[in-house]
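Each in structure tokens, the structures are laid out below.
Across the two complexes that follow, chain A remains constant while its partner is chain B and subsequently chain C.
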Partner chain A sequence: MVLRIFFPQCCNQADSGLLVGHWMPGHDSAVVLAVIHYPFIPGQVKQYLQQMRSQSGVELSVLGSWSIPKEGQEHMESFLRDLSTIFPQDCWLQLSRTIGKMGFNCHVIYQDLNGSTTSCKAAKKNGKIKGCDRESGEDNEEELGDEEKMILIHYEQRKVMQSQLHPIEVPDTDPPSELREVFQTVARSRPLFFLDRYDDGPLKSTHWQSQGREASIIVELLKQASVPLCLLISWLLSKWTRICNFSLFNLYPLRFLSSKLSTCDQWSYRTEHMRTLSSVKPAAGHTPFMRKANILVSLLVDVALGVLLMSWLYRDNRISIIANALLPAADHVAKELEELLQWLMGAPAGLKMNRALDQVLGRFFLYHIHLWISYIHLMSPFIETILWYGGLSACLGITFALSLLSDMVALLTFHIYCFYVYGARLYCLKIYGLSSLWRLFRGKKWNVLRQRVDSCSYDLDQLFIGTLLFTILLFLLPTTALYYLVFTLLRLVVVMFQGVLHLSVDIINSFPLFAVGLRVCQPYQLAEGVKFRVLCEEPGTALHLLMEINPLKCSAVVQRYRVPTYSCYPKDSWAALVKKLFVGELIYPWRHKTTKSD
Partner chain B sequence: MEDESFTDISGKPVSLDCRNHSNFCREFTVSSAKISIGKVLAYTCCVWLLAYAVFWVTENTAVLSSAILITLVGMTLHIHFVKVDHESLLVIGSLGIQVSSSYASGRETTTFIEMNKIKDIVINEAIYMQQIIYYLCVLLKDPSDPEGASSVVPLFQSSKPRLDCLVKVYKSCQEILSKC
Partner chain C sequence: MWRVLGSSPSADKTWKVFWCRGRGQNISRVMPREMGPDGAPGQVVPWRKVLWEHQPFPDNYVDRRFLEELRRNEGIRQYRYWAVVKEAGFVGQQLSSVAIFITLWLYMEQGLLSPERLLLTCLLSTLLGYGLHQTLTPLTKSGCELRTRLADLQSATIFLSFTFGFSPVLKTLTESVSTDTVYAMSAVMLLAHLVSFPYAHPSPPGSLSLNAALFASVCLASRLPGALHTFAMLSCALLVFALWPCLLQRLREYAPNQFTGLCVAVCVGGVVGLASQSPGGAVLLALALGTVTLFCPLLLVRLQRHKDNIHGPWDEAEIHEELGHILHS
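Up next is the complex of A and B:
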């Protein structure tokens, strides 16, 4: 049996007194939480501990005595032994320091139920008193065996109290962890640390003390002030939800439109966040608190970036510059597209296409471009106003501005989407026709009922017609494939751009800024575990270890505290995407609205 | 405190340092060989000669400056993330086992395993490239199955000392584990 004593570093230099702490049930270990100094009245100490026990829910008790050498306090041995009878305990610790030594001397007195007291030397004491019987002490140790051992583990009370061990939820099947219990005990005995050094009460004690009372008053005031704000926001939110639930807004075209626009997505997402933030109830537990804090910080950063963007946008008449630049750009794109189509209608890269089909397709697309340009020109007087009002959305946050930009890009490049869909449909049709005719060519057919390819005997006419069609389709395929290839590339450029926008919006929405900031500024608050360092190497003292907190890795912090959001990562793998492109299935911007579970 | 030299699986010298902090707390440190200056020179020369050859063809000075940058960044990354200077194992009876490895740049990664999670420390065999090597590992308890082990934490992963060194560490670890 090795006795482990967790001792706070702030009590290293404390005046002599009583050790107050908690015996861990099930483990042979004790956590020292505070030292109550002499002189005291035992009744008051007992009353104080009783009060603290009810406040904190920790089984606090007097663990033993603590003595630090001073003039005029030489012969305390008998006094310390008498103390143990005042505060009856199964196990009575006597920690003391000697001048010129780093390590502590430890004594453990076991009191049996029948009242007889057995004392055993925990550490090899080497003070003057026991110096003579060093040899016999060592012999004794061999006889007493396991009971001799003791580890003193120094911990920093503030860090241990404020840190949160990860993983937070532990499955019940795991064996109870001693360190986790130590952390919990220190965190729960917070009421014990409210006794101030300058309080004029009957008891004086040493433990960790908050240095920032004034700041905590400000925090309390802020908390009080935030309540009406939260109430106001939640009232506004309830009104907004009622407006949204009007049946007019749930009609088919509006609902369909809002499901396609990323601004609407961002809006609903933000509403949900505000609902989380504006609940008046304080967050219960670590995870909801971190979630709230992360949401709040990313909201603030988002709005700050948005305001910065706005201040840049509305200065020097930049809106009109952008609007004026947009129209020539659209014209230029249209002109380039027209040239491209003209090139495709000739002999692109020396390829000989099917002339008739080539001309038909080319004219069809040219007509579309013409339509598109007239649409843009019709819009041109309003573009500046649209931009001006759209830019206002940046005051809600840069995510709104980015979502709006993404929607605008989607609307402005609608012609490219149309070209892509036409090309893809044609190509897809040809590929399907070719594949089924190829089966006919081989004397097989697709059995729909059994979902497999069966052999089939065709008539001669069927085979003839099929082969003929197959040949026609095969020779027309390159022309269609060329148009498909060009417009798919154009579409991919737009999709990439939108994907980048969505990705940045998602990063701003979900990045746990508060947790990362906590990890950088106060790494001990998010603990992955602990690490130990052997402290003093003096022979003849108990083993002294320093318990330090092992902070969580940054990647783990991001992964753990990421605010759940719709993921905008590619739904398909790259191989699936390439396959889709090859077969001619439509691809959409890479987002799907499934909330990512944390 | 004693310092002994052994070899690792590829024959390079490693040294084992045993420290007795107390009769139930021991620290084992395996230090691997330092980076040899010849190797660094060889790599640097390779990169720079290559860059010079490219420069000869393209006559673009950006190639040379990027070669210098690549060498510097590569060396920094190597000493910060790859090159392990020493690995240590701190066995504290009845408290747990602490495994830490410190990199050549001074970065340290530490994990502490509590005693109630540890089932045993064993020497295991593994197939590594084309040979079979021995390694020391901590078996973790499986909470659902008291007989089985849920996972294995390999020790001295980067220095990979030979069996004679492992046996020495194993014996003194078992001595402490059996006491507590």
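Up next is the complex of A and C:
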């Protein structure tokens, strides 16, 4: 049987007094939380503890006595023993320090119900208990073997109180581990630490805040100021929600459009975040608090980056430079596309294409590019204005600017999207036609009811027309496939660019900046476990260990505190994507996939 | 020489196979009493070949009556040479029809045959063949669904309109594909047509054979100089590959003598037609026809003497995937 006593480091130099703490049921261990100094009136101590118990919910009790010998304080032995009768406990600790020695002297006095006491001096030398003297305990000699040991574990009270042990959620069926109970006990006994030396009360105590409470005026002021701010924001939000729910905005084309624009997505996402932030009630528990803090910090960082971007954008007339560069760029892209189409209409890469179909497709797409260029030229006087007002959105955060950029890219490359859709539809039609006509060619058919291929006897005219179509489709397939391939590659480039934008927006939105900052600046706050270091192993004293906190790994921090967002990661695996591309199904930017597929 | 004589399912679902050395006379010597692994305890109870009764014999026991039920070459048909030749005539004439089609295509490609004339010929022969088909179709044939004239007309309209409509498309279809590729594809497809042709019941033509032939004819027709040529060629292909076998089948059923004569005529026509374009090809065709119609039936009749099938009251041992398992155990 080993007795473990968790002792706060701040009480090492404390004056003599009473040890206040908590015996942990089920484990042979006690947590010392504070030392109440002499002189005191026992009744007041009892009353104070009762008050603390009701405030914190921890079973606080007087564990024993703490003494540092000073001049003129000899013959304490009998006084200390008398104390144990004032505060009746099953187990009475007597800790004392001697000048010049690192280790503590520890005595444990067991009090039976009948009043007889047994004392045991824990002293460790070469792994053996040496002196263990007993007084008037003949009747319970058997219970106390020679293996009575004591380990003093020193902990830093401030860190333990502020740290959160991970994983946070533990299954209810398991009894909480000893370590978790220590952390909980220290964290819950916060009211005990409000008593500092400037208090005028009858009691004086030592703990981590006994030199004065730690707090920041700025934080307190901010806390006070945030309440009306939150109220204001939530009022604005409610107005905004009412406007959004206006029936005009729920009409089909607007809703469809807004579901396709990533700026609208970002807007709704941000609204939801603001709603989370603006609730006046303080966050209950560690997880909601961290979530709120993460959202707040990423919001601030987002806005700061956006303001930086704006300050760059609106200086030196950069907007008009960009707007002037945009039109030649679009022209250039169109010209490149035209050249590509001309190349495709010849004999690209020596491939044997069907000339007639090639010409038809090529002219169709050329006409489309022509239409597109006219559209861009029509838009050109307004581009600078659009950019100027669009740039203003950066003050809401860089994510808005990026989402707007993504939308603008989508609009500017709409012709590529159209080409892709035409090519994919044509190709898809051919693939499906060929696959079913190939079954006809072999005299088979697809049985829909049994989901299998059955043999079937066709009529003569069916066979004739089927074979005719099969031949035509087969010989026209390479041409279509080439057009499809080229435009799919173009489309993939655009999708990749948009995907990168969406990914960066998502990272800014969901990255737990606050938690990572906490991990970097105050690693003890996110604890994963503890490690023990042997502090001193002097002969004649108990084993002294120092408890140090193991911080959580950075990757685990990111994984644990990531703000959940709508997933913009590809739902399909790469193989499924390749299969879709091969069959000719349309692919969309990753974001819309969840809404597309039901 | 080891032969599998019999097998019986034993309790653990594996098949025990009886192996006996030699032929019949040896078996009769090996057979009595020690045939089973333990021998029979006594001959008081007569053995019966049933497994549902409890008998004092092991499961794999058989007595001397075992081979009495051996039968050889059961239900054999004795072929006569000329009958077989007559039947093989269908194969020969199909080979020859393909040759005729190729000949026509060669004529068309060289401009020796105008598409109008080919179309006219096709039309006339179609009408002639349709009339013959209708006369041969028995009016009393009940139970089988009879195609009405309207349905026939509808089919013909579909054929002609689709072919005519698609012929410009088909004309440009293989423009960019090299001629060798087209020839190779056609040859493979025609071969597939010949191999997969349902010679026993050609009257609805088999899907794969007809499709392969049509594919080949589309490939070949797309090589011709004009759209009308393509149309004529495809109509001709339809006639040769789809309609002609149906008529021939009717003839085989109701006028066997004329059928033989027609087969010979087609064969001769094919050889002569090919000879006018390529004599070497004609020689090859004649050789092939001779092999198929004369030599192969001779071989069949000769080899039939060596046929030796035995049937008996045993299950034939089939050893496939558990071979390794049996060898190791």
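One rule holds in what follows: the second predicted complex is superposed on the first by the 555 of 598 C-alpha atoms of A that agree within 3 Å, B and C clash if a C-alpha of one lies under 4 Å from a C-alpha of the other, contacts with A are read in each partner's own complex, and residues count from 1 in each chain.
Here is the rule we use: a contact is a pair of C-beta atoms (placed from the backbone, for glycine too) under 8 Å apart; a residue touches a chain by one contact, two chains touch by 3 or more.
None of the values given here were measured: they were computed from a predicted structure.
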Clash-or-fit label for the pair chain B, chain C on chain A: fit
First, second, both or neither for A:R442, with chain B first and chain C second: second
Partner chain in contact with A:S457 - chain B first, chain C second, else both or neither: second
Which of chain B and chain C A:R519 touches, first, second, both or neither: neither
Chain B versus chain C as contact partner of A:F475, first or second or both or neither: second
Touched partner set for A:R355, first chain B, second chain C, both or neither: second
Angle at chain A between chain B and chain C, C-alpha centres, nearest 10 degrees: 80
Touched partner set for A:T467, first chain B, second chain C, both or neither: second
Shortest span in Å between Cα atoms of chain B and of chain C, once chain A is used as the common reference: 27
Touching both chain C and chain B, counted on chain A across the two superposed complexes: none
Chain C partner contacts - residues on chain A that touch it in the complex: 347, 352-356, 440-443, 457-461, 463-468, 470-472, 475-476
Interfacial residue positions of chain C with respect to chain A in the complex: 155, 158-159, 162-163, 166, 169-170, 172-178, 204-208, 210-211, 214-215, 218-219, 238, 242
Chain A partner contacts - residues on chain B that touch it in the complex: 21-25, 27, 90, 92-95, 98, 100, 110-112, 114, 116-117, 141, 143-144, 179-180
Chain B contact footprint on chain A (complex, rising order): 1-2, 4, 28, 146, 149, 151, 153, 171, 173-179, 529-532, 534, 537, 542-543, 545, 550
